[in-house]
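As structure tokens, here come the structures.
Shared chain: chain A. Partners: chain B in the first complex, chain C in the second.
Entry: the complex of A and B
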């Protein structure tokens, strides 16, 4: 009797073990779906909602599959460009015009007289406000990858990620000087540009701000190339710039603050003119993972105009205080 | 019996001779086919397409080899030689040095070498790499994507049914010609620094 009980107990135990093995081999999916080597980007994409001082008030789709640059004019019209075309939208997002051209533009700006400056891979093209190509400069260099252009109507500043230099031209297309070349005596460290994200913009006092993205620094220069100041720090935390080369794009607000966009951890932030972190415009969870190339512009009402290439949209953000004042 | 039937009978010597000749012909034919196949590059090996890879970690555990025949490969032509390398450092790292606690790789298989300010070179030590793809994910998210997973053909047993391919959730594995065994992304792929 005792032996029979032991035999039955052994059989039950054996069946239980076999049952567990079968379940583990063929039905247990939990371990397979878990990656023990997960990088954990989800944690990095979390942010404190109290830091977000802006609301997204509007977004509209653009008809381009390949988009790179966005700009605004003094009337608040929004210009978007990429492969073969410039699309012009009203401040409300209504498509006003489409200006076709050949080649692909990687950056765009509007001069004070309304001329549209398009940065192709290695040269600039000038388009009239009516959409006609009125000038085409010769290629800057064989290695050029033009990523940003700015003008005050007198000088044209071009960021070249291929040559890792900024050029200053006059409006005739004559090179005046190169800006940002490594010069230890002048305290200029030189630009480190690991990937083609190399933005520039003009400040309130006519100074030129350039993102030294490989060093995670903003650098300010006088037009003659003299280095004035720098700020910035690498960090995955919200106060710094993450990854290999950030910020990828920026625009300067009327009070001298900086609005920056980053890739890797997709986020848009505001920094005070001193370089101190101020607030978030948009948190990572407001973007699709992997979004990059978020060019920025500013309209006359202080709205932040963001190009979202992943969603093929223009997205507009307004400060929460301004929104309550009815500035939409 | 018909008289002509006598002609159709085959002698033992003739039968053996014919058999030997046919065997030699078949053997030579087989060898010729094998040589032609080799010369024509029709042999295939397993490889994964980095553009489909999601770095799920299964390459590290599914391979019949231990450690896996899948390794991280560095396409140097794409690398930014960054100080703050997303493929080398843990995301929360604030001090950029070679301390083990700051490194992302679970086996510390990436060697960081100072080149000149502010550039650093990152080299994969294949003996230590387990093919988990953690560094690939970091490089892809924050850098240029110069770190990529590949089946190292000198380590792969080229099984008929690849265990990793069977488990790959993104269908990144396929047979590729043995004379072009690597599938690398980016502008440096024409000259991969691997043999």
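Entry: the complex of A and C
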């Protein structure tokens, strides 16, 4: 009897197999209603709200169609640059000035003396705080695509995504050294920059931090080009960086932590100075899908200033604890 | 002591050890396949611990011709070896280990491709389409088992086909399902073969490959649905021996036909059958024909009536099947991508709630006029109309032949393997007390 039952069950299974084939061949359209080539990043775009430690406290529109870079000065003024113009806003978002210029600036920084440094495609231009062009350096190279600039008042560091190298110049425009060139003896793997997102910044101790975005790594160098340390982990999880080349931009907080922005899965995160993931500033659902090029800056009150090129907005984030202290 | 019981007992005692070793080999091969699966590049990139430089994606190079020659050589060698093991050595052990080798080589190493079963479609396509040139290796994989079968019976099924070997390994508790059910389910491979040929000839799909339950396991890359499909089939295979070979395999239909004419088919006894009946229940595939000792069980008039009925049955079922097939040709044609697309374009209101399919998006983006698509679809449907007649007629002929076959009895004095369905697995020989 038991054997008979087993046999019947086996026959039912066999008929189920044949039934499935007939159904799938003649009656099912499931293959056609779904896209097998879909990236399917929807799940990865979800994030735990408990990880978000920042609130968006302010946002204001920029009257520019193309925006690329953002910076702040010691007074908290916000500088946004794009094609042909720099716009200066008060910390509250009021437009203070507009400084026109030729060409397009892809990156911007403010030197300690208030000079505005604009990174054009292949060269650097210097603008006085009043908006006059006071200096224009010669092109760095034919292949150059300058994506980030930083200065401590003595040296100027330029990230060149075209040449995949960082240049260190003095204030006179003389090249002092190249940083990050592949050197296996010195343990420098070289920069992997698949797209023109190549950011750099100066740390608390004067060290230069560069995003090796193709490797999903942060690399710290001494000004002479000696590699000091690296951190970063490729991961699909929130703790790491994913895609071809991330993070696209970063800024360093006063305590040495890193604020990073990513494209692909649009999000802004904070990492401790050790490189350990700390929290989210903004989750993917706070951005339009496809947003990229979210440059970051920091104002004297520790507010995170984010440039959202897709919405053409400046968006300001404050830590939830600071917000409750009234630091807005 | 009952000699048959002794034989069966000793046979069963050996089996778990042998199958255990074979399954261990199988598990190792699974592990190997799984390891290689983890090496597949995914999007986004996998998680590397250090500064690993992701290499550029390279397209796989075509398989070296020398290796293809080697595949054919291994096939011929395995066929020769298993034929020798079946006909000369009459050794189940040897056949078993050759089948384990075939499973490892043609299954896990060659990942189930090229396979003789799927080659039916390539041959069909080559015959129906002037633009398709069949690779010689595919032709060799298609022809070699047929040639061997014509000479020696289905020794290919016994020890060379990796699908058969796989099912043989998991056939732990085979049960008999009875001749009636066996015969009814035995029609399915004919239908499958007819549809596979129809869809290959109309350049619609290679459905044998699409519903190949084993390739996904060999490659460890099947979708969940196909793993489930294979799992269910294999689960049923624990109790119904070789379910795919018996009730699905379309290549088995060809082998069945050819094997009936094989010159040196295996026999249960190497000498004269002593009618001990020890082998009677030995075949898990129910392929042993019992003796029919009465030469003419019916009267002359009854035999004549049966003969006339058999003669009439076949054309009747053929016509009925052909007509039915021709009536179903539009439904059959909907499997074709162009016909399906034309149908969707003609009835846009049908799935208005569903998102547009990628095929439809691609078609619209191509700028191709709908009238051109309709003309192509109409031509394909016309092919399906003719094909429907042929497929239906073939299935009708099969059913008619099956019924006619049951009307006629063939005189035989010994227990004999059915030359059409016997897989030459040699199990029955173990039960035969005559060894030389």
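The rule is short, and it goes like this: the second predicted complex is superposed on the first by the 290 of 328 C-alpha atoms of A that agree within 3 Å, B and C clash if a C-alpha of one lies under 4 Å from a C-alpha of the other, contacts with A are read in each partner's own complex, and residues count from 1 in each chain.
In this text, a residue touches a chain if its C-beta (ideal position, glycine included) is under 8 Å from a C-beta of that chain, and two chains touch if they have at least 3 such contacts.
This one's a predicted model, so the numbers in the text were calculated from it and none came from an experiment.
**Student:** Contact-wise, after the overlay, does A:215 reach chain B, chain C, both or neither (first, second, both, neither)?
**Tutor:** both
**Student:** I'd like to know which partner A:264 touches here: chain B for first, chain C for second, both or neither.
**Tutor:** In the superposition, A:264 contacts both chain B and chain C.
**Student:** Of chain B and chain C, which one contacts the greater number of residues in chain A?
**Tutor:** Tallying touched residues of chain A, the top partner is C.
**Student:** Is A:245 touching anything from chain B or chain C once the two structures are fitted on A? First, second, both or neither.
**Tutor:** Once the two structures are laid over each other on A, A:245 reaches chain B alone.
**Student:** Should A:100 be classified as contacting the first partner (chain B), the second (chain C), both, or neither?
**Tutor:** It touches nothing on chain B or chain C.
**Student:** Determine, under the contact definition given at the top, whether A:236 touches first (chain B), second (chain C), both, or neither.
**Tutor:** A:236 sits against chain B and chain C alike.
**Student:** Go through the superposed model and pick first if A:195 touches only chain B, second if only chain C, both, or neither.
**Tutor:** Only chain B; A:195 stays clear of chain C.
**Student:** Looking at chain A, which of its residues have contacts with both chain B and chain C?
**Tutor:** In chain A, residues 32, 35, 37, 39, 189, 192, 215, 234-236, 242-244, 264 are touched by chain B and also by chain C.
**Student:** Which chain C residues qualify as touching chain A in the complex?
**Tutor:** 43-49, 51, 53, 173, 175, 177, 181, 185, 188, 195, 207, 210-211, 213, 229, 232-233, 235-236, 238-240, 243, 247-248, 331, 334-335, 340, 354-355, 357-359
**Student:** Where on chain A does chain C make contact in their complex?
**Tutor:** Interface residues on the chain A side: 3, 6-7, 9-11, 13-14, 16-18, 20-21, 24-26, 32-33, 35, 37, 39, 189, 192, 215, 217, 230, 233-236, 240, 242-244, 264.
**Student:** Okay, in this complex, where on chain B does chain A touch?
**Tutor:** 55-58, 60-61, 79-86, 91-92, 94, 96, 104, 106, 117-119, 132-134, 137-138, 141-144, 167
**Student:** Report the residues of chain A in contact with chain B in the complex, numbered from low to high.
**Tutor:** 32, 35-41, 43-44, 189, 192, 194-195, 214-216, 234-236, 242-245, 263-264, 290
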